[in-house]
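To keep things simple, chains are lettered A, B, C and D as they appear, and every chain counts its residues starting from 1.
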Amino acid sequence: MTFDNPLTDKAYQVGSETFDELLAVESVEVSYGPIRALYGISLTVGSGETIALIGPNGAGKTSLLNTVIGMRRPSQGRVRWKGRDITGLPPQQRIRLGMALVPEHRRILGTLTVEENLLVGAITLPRRLRQTRADELMERFDILGRKRSQRAGLLSGGEAQQLAIARALMASPDLLLMDEPTLGLAPLVAAQVFELIDELRRSGMTLIVVEQNARRALESADSACILRTGQIVEQGPAEQIAARDDIFGSFLGDTPVNRHIGSPDGRRQTGQAPTKSSHD
Amino acid sequence: MKMASRSRKQKHRGRVARRGWISGGGPSRLAGVFLGTALLFGAVVLIGLGYTAGGGASRETLFTTLLINATVVVGMQVFIGNTGILSFGHVGFGAVAGYAFAILAVDVEWKRRLIGDAPFGASDVSIPAEAAIAAATGLTLVVAVIVGLGMVRSGAATGDIAATVITLAVLFAVYETAINWTDITGGNRGGISFRPGTAMPGRSHAYAGFGLALVIALLYRSSRSGRLARASREDDLAARSLGVNPARHQMLALLLSVGLVAVGACLRVWLSGTVSPERFFIDYTLLTLTMLVVGGRNSVTGAVAGTVIVTGLTEVTRLLSGPDFNPGPFDFVIRPGLTDICLGLAMLGFMILRPNGLLHDREITDLPGLRRLNRLQRAFAPVSPIPKTSTSFDVESAPIEDSPWPRPAPPADAGHLLEVAAVTVEFDGLVVLSQAHLSVAKGRICGLIGPNGAGKTTMLNVLTGIVSASSGHAVVCGRSINGMAIHRRARSGIARTFQNLRLFADLTVLENVEVVALAHGATPDSARRQAVEMIELNQLGDMASRRARHLDYGASKRLELARAAVSHPQFLLLDEPTSGFSEAESRLIVQQIRAIAARVGCGVVVIDHDLAFITAICDEVYCLDQGSVIAHGSVAEIRSNPEVRAAYTGE
Amino acid sequence: MLNKRLLAIVLSLCLIAAACGNDDDGTAAVTAPAPTAASTSSSTEDAPQQAEPDDGEPEPGEAEPGEAEPAPASSAPLDVDAVLAADLSACGPAPTGEALKIGYAADFSELGGFVDIPGSSAAAYFAELVNCVGGIDGRPLELVVRDIEGDPETAGRVAQELLDDGVTAILGPAFFDVNQAILQVTAGHTPLISVSSTEPLLADPTQLSLLASFTDTAQAKAAAQFAVDQGWRTAATFSVPGPYFGYLVEVFTEEYEALGGEVLGDYPFVPAETTDFSAQVNEIAALDPQPDVIYSALLAFQAAILGGQLDEAGIDAEMLVADAFTATGGYFIDGVEGFFHTSHTFPAPDGRMVRFLNSYEQAKGTALESDSYAALAADAILVIAQAVIDTGSLDPATVGEAMIAGTGVDGLTGVLAYNGGGTPNTPVYVHQVVDGGPSLAAVYEVFE
Amino acid sequence: MTEIVQQLVDGLGRGGEYALIALGVGLIFGVMRMVNFAHGELITVSAYASYGLALTGATWWILVPGIVVTAILTSVLVEFVAFRWVRSATDFAMLLTSFGVHFVVQAAFVMFVSASSRHFARPDWITSTVTIGGIRFEAIDLGIIAATALSLAFTVWVLQHTVYGMAIRAAAEDFDTARLLGVRSDQVIRMAFALAGLLAGIAAVFFLMRTGRAAPSAGLIPMLKGVLAALIGGLGRLQGAVIGGLLLGLVEILLVSRLPDSVDGMVNGIVFVLVAVLFIFRPTGILAAGSSHRP
C-alpha cells in the first residue's frame, strides 16, 4: 500500500532517535468520583514519534487518551502542547490545535452518510478545504469512496474502522490518538489496520496507539509505555520493551484481581444503548 | 494503597452481610419490612405531632393532608421507583378512584342534587366510606389492568417514551372524561361533594392509608418481583435475555402502585369533601412528582422524606404569600404563584443538582445506627455469610464435588443439543444470515469465528430471540424455541453475555447475580447461596456490595459471566468475552469459562476474534462468512481450511 | 404600562397586608372592653359614632333602572353613598367597637384569579372606606384575605384558619368545588357568601351558603327572554357539558323554546383552549334556516374569534354571551363590537359601581381589573354588615340567619333581597358593546 | 364532497400550526433526547412580549419580528439556564426538568403580571377568507400552510446542507464523538434551540394573531398538541413531526364535526386515547425513528 501522502499535509523530520517535543503530560491525575484512574502520569511525545500504550484493562490507557484530547479534565497535573499549557482547553479547541482521536469502538455517526462523517471530521477546517480533503481521503480509502452516500451505520466493522481513521485524518492532525483500533476486528482486517498505522508512522505523523495486541503494537512503535493501575511502570524504546519477556510476564501476564480502578467510562459501560453494530 | 484496599474490602464484606436480611427472604425480610414501616411511620407521626402541638385545627388538617399525600407518593414510588418508568398517569388513576369513591359514598339525598341523572342508578346508592374506598380502589385497579396491558404490550422499559406517553394519555383522558361525562361527574369546576360536615372524621383513616402504603411498598421492594423489576429498570434487554419477564413485574408494580394511589386519592377526596377535575390534574401531578424526586424516587424512605420536605416548603411559601407575614422591603416576592414557582424550582434544582434525589435508593434501615437492630434480625435469618475469598484462581482445587449444580452430562442425543438449522435473517433486504446452521452439545465449547459482518452476533441474537429470523428453526434440548419470547428462551436454558457490557449498573455485584437466580425460580435463600458461590468462582467476592457501575472493565466482564452462569443454563452464549483484554487476561478467562462450563455442565458458544483464545478453549469451531457457515470442525481443521484462511485469518 | 399594572397589584396586595396588620393591633386593644353579645338596641346606640349618620333610606335614583325595593327598616342600614363618598385622607375618628372580622377565601391562582384578585382589592378598599366613615355600627371592619391557591384542600385549610381567626362570615371564591371544601369546614355554622359564583347549587340557605350575584338560571332565562324580545326566532348555542358553560345553554334552550324560539344546533368548544372554530362554523353555515343569534358562555377572546369566523363565513347572527364576557376582559378585546352580553349591573356614569371604581382608581392610582366583581365584593360585605347591624351580633350563625332572612340590602349592583333563600334576586342586565363600551340594552327582573 | 374538502383544508390549517411546534420539539429531541414540555413556554413568553409591545402602540409589523425574536431568545435562554445542566442526565431527569421549567415560567407570569389574561389587538384580516369553488380558505390558514412548508424546507436545508446542520445531526447522534471531532457542542445545541425557537416563534405569530391573548398557561395547549404531533409522527423525525401535526389537525377537525353530540366535547380525550393506542402498537410513532445502525 503506497500513496502520495494525502494523510498528512505537514512535513515532519522523521528520525529514529531524536524528536522535538510535541506533547507533554506532566504528573496528571484523574479520578472518577472516588475512584482514581491515573496517578501522576508523566509522558513526553516527540514530533513524529509513535508510542504504543499498553497495559491490562483498567490500567488507565483510555483515561490517559481522554485527558490528552480534553474529554477528561485532570484533577492535578498539566498537559502541554507545543510548549503551551492546554490543560483547561475543551476538546474542540485541541482539535483545532492539531490533535485527533480515533475513539474506542470507532464511534461512527451511523445516521450520517460516509461522506458526512468525513466532513464532520473536518468541521474545524474552512469550508473549501473540507470537501477537497474529503475527496482526497475517499480516493485513498476507496471503499469509503464507493459508499460515500451510504449511511455509515451500514458499514461493516472493518470499513467502519477505516472511516473512523479517515475521519480523524480529515483535519490533518499533528498527533493522532488511536484507542484500540483493532478491537473486535477479524485478524485479516486487524492486520490491515496495523499496516495503515505503519504507513502513517512512515509519513511522519505522531501517533499514540492503545492496543491490546501488545506484541504487534510494539512492532509498529518507536517507543512503548506500559501502564498498570494508573501508573507508568515501564517506558522505553519499543524494541527493548519487546525484547523483555519479563515485562510481559510480570506486568501484562498477571491480571490483578483486586484492583480499585474505575473503568474508563463507568457510565458508558452499562447505561448506554448499543450504538455500535451488533452484527459483525 | 494496599492498606486502603484491604480495609475497604472488609467494609464491603461487612456490608453484604449487614444487608443480608433485606435482600434475603423468609422471616428476616418481613422483619425488615416491619422495621422500615415502624421507623418511617414513627418518624412522620413524631414530626406531625410536633407540628400540630402548637397550632390550631388548620395544622391538624395539614398533617392529615401530609399523610394522605405520602400515601399517594409512596404508591407512585412503587411503580416509578422499581420500574424506572416515569408515569404522569398515576394522578389520573387517582381521579378515577376519587370520583368512584365520591359517587359511592356521598349520601343519596345530597347526591341527587348534584348528579340526579347519574347512570347505573349511581345516584340512588350510598355505602359507608370505608366500603366505598375499597370499591373505588377495585374499580381503579380494573382500569389499571387495561392500561397496564397496553403499556406492557408497548414493551415499556426505563426511559421509554412510549410508556410515559401512555401514562400521560391516562391523565388527560381521565381529565377530559371527568369534564365531559357530567351526568356522573358533575363536570368541570363543578364536581361531587359531600354534605357539609360529613367529610373525613379524625385522622385514623389517613394513618391507616399511610401505614398500608409503607407496608406494601417495602414488601414489594424486598420481594422477588420488586427486585426483578429493578433489574429490568437497569437494563431491560439484559434482564429479558437472562430470563426476567419485565411485563409481569411492571404489571404487578403498577397494580400495587395504583391501588395505593387510589386509596390515597379517596382519602384526599374525603378529607376536603369534594372532587372536581382540576384536583387530579397537572398541578397535583407536579406536586406529587416533586415530592417523589426530591426525596429520591428509588427508595420508599425517599418518597416519604420528599413528601415531608415539600409539604414543609409549600407551607412556608403559603405563609410567605399570606397576610400573616410582612417582609417589609421584600414584599414584592409575596405574590400568588409563589408556591408553584418554588415547586418548579425545587424540581429543577433536584433534577440538575441531585437527579437521584436526597436519598437515591437508600432506605432508612440502611442507617449505620441501625446496624445493631439488623444484626438482631440476622439471628433468625438463615443466610450464609460470604465465604472467604480465594485470592488466586485455581481450577484444580475448585470443589466441584460440593457443587450444587448438576454434573456435566455426557454429550449425546438430541436431548442435549442446541441446534440451529437453515436460519435466514434479513434487514431491509440485506441478508445477514443465510441458511446458517449450528449444532452444539452440552458440555462442549464451540467457537464462532468469522470476519466482521459475517453474522456471528446475529446468530446469538436469533438464538436469544432479540432478532427474529425470517426462516429456519432453533431447538434446545429437543424443544423448539421458535417464536418464543426472549425471557422464555432464557428460562429454557439459554444465557448470554453481550459485546457491550450490559450490567444492572445501579445494583450491587451480588444483586446482579442474585436477581438472575431469582428469575430462574430459586428461592431467596438458595438464590443468595448460588449468587455468592458464583461470585466467588469469578473472584468478585470482595466487591459483592459494590454497585456494578463502579467496577472496572475486567471485573465487569467477570460479573457478566457470573450473571449468565448463575441461571445454570443448558447453553451459555458468550459474545467476545476477551474483547478489550490483554493476552494474559485472555488466558485467564479461558480457565474461568472452562471452570464455569464444568460446574454448570452447559454447552458454550463463544464468539471471538482472538484466535489464540479460540484455539485454547474450543472443542470445535464454526466459521461464518457473509451469513453462511463456510467451515465447521476442530480448531486444527479450521485453521488449515483454505476458505477460512482466505476469508478470515489470512494465515 | 405593564409595569404599572404590576406595581398596582403589588401595591394593592401590600395594602391588604398592611390593613390586616393594622386591624390586628386594633382588635387586640379593644376586644376586652367591648360587649360581646350586643343587642339590636345597643347597635343603634353605637350608630351615632359613625362619622356621617345614615339617613335610613337608600336613594332610589342610585339603584340603576331596576327600581329599588323599599328597604326593610328593622334597623338603620349602612349609608352606602356616604361610604362611597368617603375621603380616605380625611377620615372621622376610628371606630372603637369590637371588630367585625370578615374572611375572604380568595383564589389567586390562574383559575380563579380573574375574580378574586380584583375582588379582594376591591373588598379591602371598601373596608377602608367603611372604617373611614365610622365602621359598621361603630365596629371596625376587618378583612382577612387568604389565598386558597385554587385548591379545595387549601381552601378547607384556609377556611379553618379564618374560623380560628374568629371571622363572622366568609367571602367565598368563584368555583363550586372550592366552595364545597369551605362548606365542609363551616358546616352550616358560619355564613359563606360567594362573591362571584352564579352556580345555583351553591345557594343553600340550610348551609348558610349564599351567592352575591344572580344565578345562572336567572341569567340564561333573561338571555332567552331578551332574544325573543328582539325577534330572534332561531338560535345556535356553544356549550361544554357541566355547570355554567353547559347549564346556561340548557336553561336558555328550555326557556327559549318555551317562548317560541328554536335552537338549531349546539356546538362544542373548550373554554380557554379552542382558538379555531372553523369546524363548527362550517356546520353552522350549512344550517337552514340560519340562526339569528348565537348564545354561549364563551370567554371573551373566544367569542371574538368565533364572531370573526362567523362573519367571514357569511353568517349574520347576533352574538349573545353570558357574564363570562366581562369577567374575561370583554371590553379590552377588539372584534366584539355589537355583541350582547348579560351582566351584573350597568356602569352608569353616576351609578354606585362607577363611583366606587373611580374612587378606587383615584385612591390607588390604578384601575381595578374587573368592574362587576369589585361591585359584587362590596355588596357581599354590605350584606354581612347589614345582618350585623340588624342583629347587633357578631355570632356567625346569628348573622348568617339574618343575612338569609334579609329582604333588601341596597348595594352596588342592585338590591340584594334573599328573602329566606340563598340568592339575592338581583336583576339581570343585558349590555351591547357599542363603540367599544357597554350600552344598556335591557334589564330583566327574573326570579327563579 | 365539498364538506370533506372543506374539512381537509381546515384540518391542514390547524395541523400546520401543530406541525411547526412539533418540528421544534422533534429538533430538540434529536439533539438532546429530551421531550421538551417547556416548548410551549416560548409561546407564552412571546404572548406577553406582544402584549408589552402592543401597549407601546406597536403594530403587527413590529409584533411579528418581536414575537419571533422573543421566542428565539427565550429558547436559547432556557437552554442556558436549565437544560445545559442536564444534557447528559437520564431521560427521566430531562423530562422532569422541562416539566419544571414549564411550571416556573407559568407561575412567574401569575406572580409578576397577573393570573388573569391580557389582551391585545389582532390584525384586521385575521378572519378573512377566500372562497374558491365553494371551499373557504381562511387567510390565516393559507399563511400557516405556507409558513409550515417554508419552515420545513428551511429546516431541512439547514440540517442537510449547512455545516451547522451537519454538526447538529452529529451531536444529535453521539454528543461525545461530535465533541471529539471538534464540533463546538455548546454552540451546536444553542443553534438547535435557536432553530426550535424560530419555529415556535412562527407558530406563535399565527397563534397570537388568532387569539390576541396572553395568559400564564397560554402555551400549555399548543405545547401538548405539538408534543403529541411529534410523538405521533415519530420523535426525532422531522418529516414525522410535520405529518403528525397535519394528521392531528385533521383528526381534530373531523372529530369535532363527526362525533355525535353526546360526546363531542371529548375531542381532546379521544385524541389522547388514540395516541395511547398508537403507542401501544407502534411504540415509536408512525415513522419509527430509523435505526441508525445495521441491526
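Remarks
Here, a contact is a pair of C-beta atoms (placed from the backbone, for glycine too) under 8 Å apart; a residue touches a chain by one contact, two chains touch by 3 or more.
All figures in this text were calculated on a predicted structure; none of them were measured in a lab.
Contact with subunit C and subunit D alike is made by B.
Among the remaining chains, the Cα-based centre furthest from that of subunit A is the centre of C. Separation between the centroids of subunit A and subunit C, computed from CA atoms only, is 76 Å.
Distance from the subunit B centre to the subunit D centre is 34 Å, each centre being the mean of its Cα atoms. Between subunit B and subunit C the centroid-to-centroid distance comes to 54 Å (mean Cα coordinates, whole Å).
Centre to centre, using the average C-alpha position, subunit A and subunit B are separated by 38 Å. Looking at subunit A, residues 154, 267, 276-279 sit in touch with two or more other chains. For subunit D, the set of residues that touch two or more other chains comprises 106, 110, 112, 115, 216, 265, 268, 294-295. Multi-chain contact residues of subunit C, defined as those touching 2 or more other chains: 9, 108-109, 111, 113, 117, 240-241. Across the whole structure, chains are in contact as follows: A-B, A-D, B-C, B-D, C-D. Residues 9-10, 13-14, 16-18, 20-21, 108-109, 111, 113, 117, 144-147, 149-158, 160-161, 163-164, 175-178, 180-181, 183-184, 186-188, 199, 201, 207, 240-246, 271 of subunit C touch subunit B in their complex. Of all residues in subunit B, only 56-58, 61-62, 65, 113-114, 179-182, 186-191, 193-194, 196-199, 268, 271-276, 278-279, 283, 318, 321-323, 326, 331-332, 334-337, 339 touch subunit C in the complex they form.
Remark: subunit C residues 1-2, 5-6, 9, 108-114, 117, 240-241, 266-268, 270, 272-273, 275-276, 278-280, 282-283, 286, 300-301, 304-305, 308-309, 311-313, 328-329, 332-335, 369 touch subunit D in the complex. Subunit D makes touch with subunit A in their complex at residues 88, 163, 166-167, 169-170, 172-174, 176-185, 290-295.
Contact residues of subunit B toward subunit A in the complex are 4-5, 8-9, 234-235, 391-393, 430, 432, 449-458, 461, 498-505, 539, 542, 548-556, 576, 579-585, 587-588, 609, 611, 647-651.
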